[in-house]
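Two complexes follow with subunit A in common, the first pairing it with subunit B and the second with subunit C.
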Partner chain A sequence: MASTAVAEAPRPAGFRFGRAARRYGWTVAVYALLALLMVITIAIKPDYGSFEWNTLTLAALPLAFAAVAQTMVVLSGGIDLSVGPLMALANVLALRAMLGHDLNYSLVVALIVLLEVTLAGALNGAIIVVTRVPDIVITLATSFIWAGLALLVLAKPTPGIPLDFQNLAQGSTFSPWVPNALLVLLVIPLVWIPLRRSRAGLAIYAVGSDRNAAFRSGVNLGWSRLLAYAVCGFFAACGGLALSMTTGVGTPLAGTYYTLSGVSAIVLGGVSLAGGRGGMLGPVAAAYILSLIPAVLIYLGIDPNYGQMIQGVLIVIVVMIGGLGVVLRRA
Partner chain B sequence: MSVRVVSAVRLVQQRSIVVLIALLVALAGLIEIIRPGAVNASWVSNILEFAAPLGILAAGQTLVVITGGIDLSVANVATAAAYIMASQAPYGVTRAIVAGLLVGVVVGLVNGVGVAVFRVQPLIMTLAMGLVVTGSLNVYSQAAIRSVPGVPAVIHALGSGTVLGYVPVSLFLWAPLAVLLILGLRGTGFGRLLYALGDNLEATRLAGVRAWQVLLANYAACGLLSAVAGLVLSGTVNAADLSLATVLLLPSVAAVVIGGTSIFGGSGSYSGTIVGALILTVLNSVLTLLDVPDAVKQVLYGAIIVILAAAYTRVLGHD
Partner chain C sequence: MTHRERPLTAGRLVAALLVAAFALAACGGSTGGGTTTKYVVGVSNTLQGNGWREEMICSIKAQAKVSGVVSKVIIANRNTDAAGQIADIRNLISSGANVIVINPSDRDALNAVIKQATDKGIVVVAVDQAVSEPSAYVVTNDQVAYGNLGADWLAKKLGGKGSIIEMRGINGVPADTDRHQGLTAALANYPNIKVVKQTFTNWSLDPAAQQMKDIFSSGIKFDGIWTSGIDATVVDQFQSANKPYVPIVGADNNKFVQDLATLKDKGLTGAAVTNPPPIGGAGLAVGLATLQKSKTYDHVIHLTPQVWDNTTADGVAKLAATYDSALDPYYSVAFDVKPYTTYSKQDLISCQGPS
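The block that comes next holds the complex of A and B.
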């Protein structure tokens, strides 16, 4: 468990294959699975082109942010069942304020929304830290609050996100194979890499992997957990804005799907729900895999209603294989 | 602090259900203040009728939470059970009810295999199974059904009928179930094993308990109870659609937590959960009386659960 924290310290010379395999094996496997799925997709649909690729990146963008937001909290040893409603809140706040304005105005709105929903995430964390009620209970309850607020802001799905703002994610400015939706994902490393390398980021891993050890090493548990929830709120806000950009619509009820699928994505992405283990690369790839499945079904001419079922079965199989590994190693 | 206060605090800690019942009475009093005369026999009857499906759903959840798990598929199972029951109704009511209950048992068994044999975290296993159930149900509804199925008269009577004017029929199902669960958890070996597993899985295993068998049976029981709750609910609202019980997932967990069962497992009781379910139902009734929009209702509902849980943790000194 503590190996994550140790790995940040200068390593003795010599590359240890076993440890590298343990640390990165799952991530590599997830990317291999994604690549395999892409190959299958292209085999099924030989005319798979930049348009389809663009569609995939658009579908995966909000989910990728949902997964990354959840990862943040799970790394700190918690769980946030209000990620989806937070996204919905950001989404409708953006629509309400942007309606009928130009790009510059929209960008300012986007910044304010990011700030507001980050604060909402921080509030989740603050309540958990102060009341000492288990995170699953608090975020379950606050998911009602954020979802209710989203409904107050906007009673029903409404289109009207300014086109210029939508195009930040929808077009492909540089090359048809590098859609903007892929570039928007760069927000993740821009925030995550400095955070992970900082003391605060290391503290989040430490708290997630062993709370007592972290406390005795002088880590401020309360602030670290609060920070994790705040950053989770920030990424959830990104997800909500991504939803605005990719759909152009404000949907107050988008929440539930993204909470559950976000958790699915991080599990598939190799983040341990026990905390302290995992990164951001796996969950993002998993978000792509989960978004690719319905598309593949459509190409195969299968009812896309099977999508949810297959997503569930895939997760069950993946976690069972993971669990089996643990059981066998113990035996 | 005077001796009397200290002993009061101790009483509260030992008999937390007293506080919950006091809270329930206070909420009822609040309704009486908002609208004098509202709290009468038919109001109580209504509350019991609407609390029954939640109470039964939360019963399964209580069993799982006591073992240190959580079941996020209860609402999906309840929905699927009700929908399949309704769609099978034309072929005979008995067959329909058995089919509905089977859905619950099968999903519960799969959950149990995942959690007990493959050691998958309950949260993930049940979440994924919830997706599988809902996805399968969507496919089923498109493939097999041409019109929205109706609820058979027996189920409708079970969910919303009353005896002697005020006693809901569902109480005749819920009350025996409750007695069975309360006594079973307290007095039977199986019940004690659930607490033991929730308290310390490894120790229980080392003590020679076949933990996987107990967990498997427990998840199957939870699935069965969820299916029963789904059937009752479809009778109460007299419809079975694809999102019937979705709204009850979070309340099912909230009822367990408010009822004092530790989310980490090892302690709690079904009697607490019953009061939790009643509190949530009365709370809903208060919010409905206040005549606020649904959105505000939702916000207040969430806020009150936070406050309750926080107060509870503070008073009982749980960590």
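The block that comes next holds the complex of A and C.
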């Protein structure tokens, strides 16, 4: 499968449609599923308005960042079990430094936190590259380190994220239908599109697709993987800051739910856990789908214990359809 | 924040078409057909698979049913964090809830969304744990008093002299911290009572059983045990180790209540301190009364636990009356919170909301 990602140069015109379908088919399917769910939601709740839309964008924001962070690493052929604790670390660092300050100060703090947690992510990558211990082992270990560090920074949940900073994600500055929580997601394309188009981004796909082939093509494996973990750290920090903005508090256990739900989102979003396949659009839509399901259940008044089952069934169905696509292509 | 001011034409068109097609699916009206106003009740809970929390939710359903003024109870119950609970509460607002009963996952993180709800005239009641938003009602069991009353009973029972074991809950959880604070304050009055061993059971049975085995085999001398609610398991360990009982303080769990009533002849003395899950139903009663303006309540209500011991006639009568062989060992048998809840025990156990 390496050829789909790496060999860009020879491109006979006739294959374009097939290639596009292969590359974007899953993404289109995920967006179609999201659209279908939205239509069902509006059917169930005819007065679906900007308040409800805002609820969805707020709920999906931290999960979208967690999913995108995990996608970075999975594309490079790895896995990061420390995404949630990295989010918690960013969340508590932000609270400690922002407490009692104004917006400008908070923005500077946010930049510093982004840098710090990006470095923490890079450290994950560096340990994995240098020691050659499997990433699942290293990130499991570092997940405890980041979680412990978060507890050292802040022992218990504490309020005090400046209101102006919270409003960067809450509310709607431009239009009720364009909530700030949606605009904050623009950070993803701002970082991802230039990266995706650069040699470094291509190298990450190459390493994830086939490590040997990438090495023989002259890709620096170590640096590519380290870069993927660093960018993962950056997006995890965005997720932690998103939690600060949506809840207004710092909590040392903030990221607990996001490591695994992030993995659910990327599977649903068409990112291959084997590495090298997928993009950022799918996981973001998947984060919206996974956040919409509990809302629909509440609108319907259905026993919420079914919520997790529905999520699981949805993932199995989508993965089966995706797998069917792969089988048909090979036949 | 303003809502629903600019119609999205495409969205409206799709919505209109679908309303026609799915007219039957439409729900979410907040008024019933009867002569009296009917209210919609929303519940937000963030811990699934916990017996105490399930009973709390049942008490809300039961109280909603007997109140006669509730048309629907919508329950948002999933394992999630404060960010998820904010979304759940917003969705309950969207669903037309008039009263929202929440067991908060964080003291401060929900304040903004609670304020949004109360600004819309929704009555928000936080139960079991407090929130700091002043427009919300807070109805909680007084956990400091829970620790205080049980420890005081134990110290008196031991004649103000002896060694006790303190079997706590989960380290760092507010209820555990509060109970420990109450216990410490009570024991300050009894300088000859010493806490010789402290354990964390994590409110789970297996660790508590193992800790008792370890205590027996270590040969620590003790005269009494205070537990944070994993009580019947401790009694079982005395039986299987064939050791003479010491006074034990526990909670209002079905099996422990039975033990206190039936093992008294075998030398077991003890007290059950109540921590009623029906705090949820009590919270709903406060919310509904506020909504109907039938009664005015303080915004913060702390309920003091009761102590049921098997050494007084009153206590023995209470213990004998509350044990129910049909229920699970750790079902909490404090069925009501008087004078707030008005449902019967059967209403609670059947766990049915208004249909």
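The rule we apply is simple: the second predicted complex is superposed on the first by the 307 of 331 C-alpha atoms of A that agree within 3 Å, B and C clash if a C-alpha of one lies under 4 Å from a C-alpha of the other, contacts with A are read in each partner's own complex, and residues count from 1 in each chain.
Throughout what follows, contacts are C-beta pairs under 8 Å (C-beta built on N, C-alpha and C of every residue); 3 or more make two chains touch, one makes a residue touch a chain.
Quick caveat: nothing in here was measured; it's all calculated off a predicted structure.
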Of the two partner chains, subunit B (first) and subunit C (second), which one does A:S224 touch, if any: first, second, both, or neither? neither
For A:V263, decide between first (touching subunit B), second (touching subunit C), both and neither. first
I'd like to know which partner A:S175 touches here: subunit B for first, subunit C for second, both or neither. second
Go through the superposed model and pick first if A:A59 touches only subunit B, second if only subunit C, both, or neither. second
Could you say whether A:Y48 touches subunit B, subunit C, both of them, or neither, answering first, second, both or neither? second
First (subunit B), second (subunit C), both or neither: which does A:G307 touch? both
Touched partner set for A:G248, first subunit B, second subunit C, both or neither: second
Contacts of A:A295 with subunit B and subunit C, given as first, second, both or neither: second
Shared subunit A contacts, counted only where both subunit B and subunit C touch the same residue: 256, 303, 305, 307-308
For the subunit B and subunit A complex, residues of the former touching the latter: 70, 114, 118-121, 123-125, 127-136, 138-139, 142, 246, 250, 253-254, 257, 263-264, 293-303, 305-306, 309-310, 312-314, 318-319
Help me check something: in the complex, which residues belonging to subunit A touch subunit C? 39, 42-52, 54-56, 58-59, 62, 156-159, 166, 170-172, 175-177, 243, 246-249, 251, 253-254, 256-257, 291, 294-295, 298-301, 303-305, 307-308
For the subunit A and subunit B complex, residues of the former touching the latter: 79, 127, 131-134, 136-138, 140-145, 147-152, 155, 256, 260, 263-264, 267, 273-274, 303, 305-313, 315-316, 319-320, 322-324, 326-327
Looking at the complex, which residues from subunit C come into contact with subunit A? 1-6, 8, 11, 14-15, 18-19, 21-22, 25-28, 48, 72, 74-84, 86-88, 90-95, 106-109, 111-112, 132, 172
